[in-house]
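Some structures to go through are shown next.
The same subunit A turns up in both complexes below, where it pairs with subunit B and then with subunit C.
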Partner chain A sequence: MTDPLAVWVGAIVTLGVFSYLARDNPFYRLIQQAAMGVVVGIQIVVTWKQVLQPMWLSPIQGALAGTRDWTGALWLLALVPGSLWYFQLSKKWFWVSTLVSGLFVGVAAGLAFKFRILLILPQIGASLKPLNPFAGPNGFTWEGFLDSSNNLLFLAALLTTLLYFFFSVKTENRWVRTPMRWGRLMIMVALGAMFGNTVMTRMSYLIERMQFLYEMWLRPLFPG
Partner chain B sequence: MQHADWLMAALMFAMAAAILGCLWRARRGHVPYVRRIAGVAEIERAVERATEMGRPVVFAMGFTDIQAIETHASLLILAHVARLAARLQTPLIVLARPGNVYPVAEETVRQAYVAEGVPDHFDAKEQVRFLSEDSAVYGMAVARLIEETRAGCALFFGAFEFASLLMTEPGARIGVLQIAGDPSLWQMPFFVCTCDKTIMGEEYYAAGAYVSPDPALRGVLVSQDIIKAMFAGLILLGVLAALLPGGAASWFVELLRHYR
Partner chain C sequence: MRRWLARLHTLNPRWLYLATAILLIIPLVILIPMPRGSASRATRGLYDAVEAVPADGIVMIDSSWDQGSRSENAAQLECVVRHLCQRRIRFVVTSLGTVFSPEFAQKTIEPIAAQAGYVYGRDWVNAGYVQSASGLAPVISALALDFHTIRQADVRGTPIGDLPLMKEVRTIRDVRLVYVVTYAPSPEWISFITGQFGTPVAFGCMSMMAPNYYTYIDSKQLCGMLIGNRGAAEYEALIRHPALGTRLSMAASFGNAAIILAAIVGNLGMWAARRAGRRGA
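Right after this comes the complex of A and B.
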């Protein structure tokens, strides 16, 4: 059974957010700023309860009290690089923070290098689609021809989109400019599909809110 | 632990060689050609328009931490915008989300004002603001600030999450000139709908290198082109190998396909 107070708060907040569709108003602003405050509050609690306390403080406390493995005390060492970040707040000692931020940038760049290869190689493998309509087990078929045409379109879209993102190539040449335009068109088609997909997701959120307003809030108010 | 096989190792070696080679050439004074990116020229026009209107320029940074490459590219663009704003004496408000990006953003803007010879015009408290670590709160606060300051232009550069529409929709509604750059394509449809210009995918990194006075960054950009050409070449070779009669080069096709 849902708490009626929670339902009323939910309904008022939902209507307050929807009121923005008419125009910006103080009620919407109140809800917006209340949401900001609530989220910040939740974030502080979550950071403490789910990260700092269980992952950092508890192992240290356990190790010092002798109830857990001594290696938990090693987490104290995390204070050293962690505290270096706070030197960002000092203009004089700012450079100290660059030691730790430099280390993080280096690690991130190294990992990005590795992940890029791991991301791209499977995509290259997946791009090798059959283009020959005569190569099927039954020779030439209409379905095989359509599949090959589809794969050819895919390959053209892939290569022209890649070409669009070449920046050191002069675009005055017609042989470069035309495929680049085709690549841009392909990107727009992909973005349109992604946008449509996301609009559908947002519509499902809207339907869920409408269902909430009708079934949880309005129907109990007017049971007849 | 899974180790790289010979093809992966060769590709990583080739990528590293391309980056180091282009950096070396750029450092020796060979500044490579980089084509003009439409959105970058539009940034300058947007700042000039805000100056003419007597309204502030709002620059919202992305959601990534200081160690992310996306953040460093957005800092390069921020430095460019800050130099323009300092030169034109246009109020600039920078909004940073991760706590560790905030002081770096402040320092970037300060250096831009110093470089333009107007360090006294920089007001750290008013101009560089930390809003929140949370995406939704940050998005709402950016939107509210754009509405309340009636910004002359709003620039969004970085990797954004679902809050992209939340941030840009109010500005689009009240007619603020907005330009967004995001290396990820997931938020791009929303930026395309609500912003006047967008800088998408790899254009985002290219924009950072394009506006930076450091020739080494242009060198890196060329190395990225070489790496892309390398991968495009692998795809073409794979497709051609698959078309060869009798499966003459099927080992090559299978080699590439086994990563799927």
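Right after this comes the complex of A and C.
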């Protein structure tokens, strides 16, 4: 059961945000600033309560009090690299912070290599699709023909889009210019799909708020 | 008629906002039965992946959304959890997104799990917020190798090791499927879970992010994906339990129809205004 006060606050804030559609106003700006403040405040509290306190402070306290394994006290060592970051505030001692920032960059670069290789390599393999409609186990079928046509379209889109971003050849040649135009068309189709989905997402935001206003706020006010 | 159309050009857009809002409320007030399309390959892929999980298998859900993307992610989480409950499959929930995510996940899952007779700790666990400010890659990697070092207590503060379900979940190899539902799921899940360990990963994302992930469906790096409320509605049709996704996608259909209509009328207005201008000249 939702608290009626929370519903009323939610409704007033929602209407306040919608009031921007009429014109920019102080109420809207107040809500905007308050939302930012609330998010930052809660972020600090939750990070402390769910991360730092149980995973860092409690093991140290437990180790020092003898109620937990002594290895918990090793978490005190995390203060050393953590405090190094603050040397960025000093011009003279800035170099000290590079010890820890270098470590972070190294870890991030290593993981980025692994991430990209594991993500991109299967994409190259998946780009090689069968084009022969007769190659299926049952010979020529209508489904096989449609799949092959789809794969052919995919291949054309892939190659022409890559060609569009290939800047090492002169584009006056008709044999290059035509596929490049086709590639541009493919990019526009992809961007159109993205735009259409963006509109759908924005619509979903509005629908969710409308649903909240109607079902949680207005309907209980006028039962029956 | 042409003069009337030309006047549309000077119409205050606020009237359009109001008309859209009214139009969107109608399907929420009156339930209008609408024809359902067939499930897309992406939706069907996730459904099949859940069906392929054995009865004693465990599914991991990363529910990393909050109010910002509730409009689509809530229905996407609801329908998959309902399917898991129908099949009596146990699941663990994490939140690598925002600090608010565990609470939103709890509120969405709790009523469905309770209705299905799921016992917290034995059948499902909300492991809570996982700090990932330094980047998702190290967190997902660590999560895959040893879950218990990343989360030592669940969302209620109970030590992870004390929960019966978590005694069976140590590494990603103990999990049969990972379902990530958030505004824009990170491809790191694909690299560090499917790529490295071979555990299937599925996404639930906002409609506008979907074009970024289609390519991973095609390459089978993602086993399935729910795209916005449409994906949730398709999934609800597959599990034969129309709910939030179906209702919201009905309203979205009205909204889309309104946009198409407004685009046609707007273009007619522009055409009429141009003609009137030419005649005036």
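Note that the second predicted complex is superposed on the first by the 188 of 224 C-alpha atoms of A that agree within 3 Å, B and C clash if a C-alpha of one lies under 4 Å from a C-alpha of the other, contacts with A are read in each partner's own complex, and residues count from 1 in each chain.
The rule we apply is simple: a residue touches a chain if its C-beta (ideal position, glycine included) is under 8 Å from a C-beta of that chain, and two chains touch if they have at least 3 such contacts.
Quantities reported herein were computed from a predicted structural model and do not represent experimental measurements.
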### Query
Can A:24 be said to touch subunit B (first), subunit C (second), both, or neither?
first
### Query
When the two structures are overlaid on chain A, which partner does A:198 contact: first (subunit B), second (subunit C), both, or neither?
both
### Message
In this superposition, which partner touches a larger number of subunit A residues, subunit B or subunit C?
### Response
B
### Query
Just subunit B (first), just subunit C (second), both, or neither: which does A:107 touch?
both
### Message
One more residue to check, A:41. First (subunit B), second (subunit C), both or neither?
### Response
neither
### Task
Please indicate which partner A:162 is in contact with in the superposed arrangement: first for subunit B, second for subunit C, both, or neither.
first
### Task
May I ask you to decide whether A:131 touches subunit B, subunit C, both, or neither, giving the answer as first, second, both or neither?
first
### Message
For A:122, using the defined touch cut-off, is the partner it touches subunit B, subunit C, both, or neither? Pick first, second, both or neither.
### Response
both
### Query
Regarding the shared-chain residue A:54, is it in contact with subunit B (first), subunit C (second), both, or neither?
second
### Message
With both complexes overlaid on chain A, does A:82 touch subunit B (first), subunit C (second), both or neither?
### Response
neither
### Task
Would you please give the residues of subunit A that touch subunit B in one complex and also touch subunit C in the other complex?
43, 104, 107-108, 112, 114, 116, 122, 125-126, 190, 194, 198
### Task
Could you pull out which subunit A residues touch subunit B in their complex?
24, 29, 32, 35-36, 39-40, 43, 85, 88-89, 94, 97, 101, 104-105, 107-109, 112-114, 116-117, 120-122, 124-128, 130-132, 155, 158-159, 162-163, 165-171, 187, 190-192, 194-195, 198
## Note on the structure
The residues of subunit C that touch subunit A in their complex are 14, 17, 20-21, 24-25, 28-29, 70-72, 98-100, 102, 128-129, 131, 134-135, 137-138, 141, 152-153, 155, 157, 187-188, 190-192, 195-196, 206-211, 215, 218-221, 227-230, 247-248, 251-252, 255-256, 259
## Note on the structure
Within their complex, subunit A touches subunit C through residues 21-22, 42-43, 46-47, 50-51, 54-55, 104, 107-108, 111-112, 114-116, 118-119, 122-123, 125-126, 190, 193-194, 197-201, 203-211, 214-215
### Query
If you look only at subunit B, which of its residues touch subunit A in the complex?
4, 7-8, 11-12, 15-16, 32-35, 37, 65-69, 72, 100, 102-104, 107, 132-134, 136-137, 140-141, 144, 147, 170, 185-186, 188-190, 192-193, 200-203, 206, 221-222, 224-225, 228-229, 231-232, 234-236, 238-239, 242-243, 253, 256-260
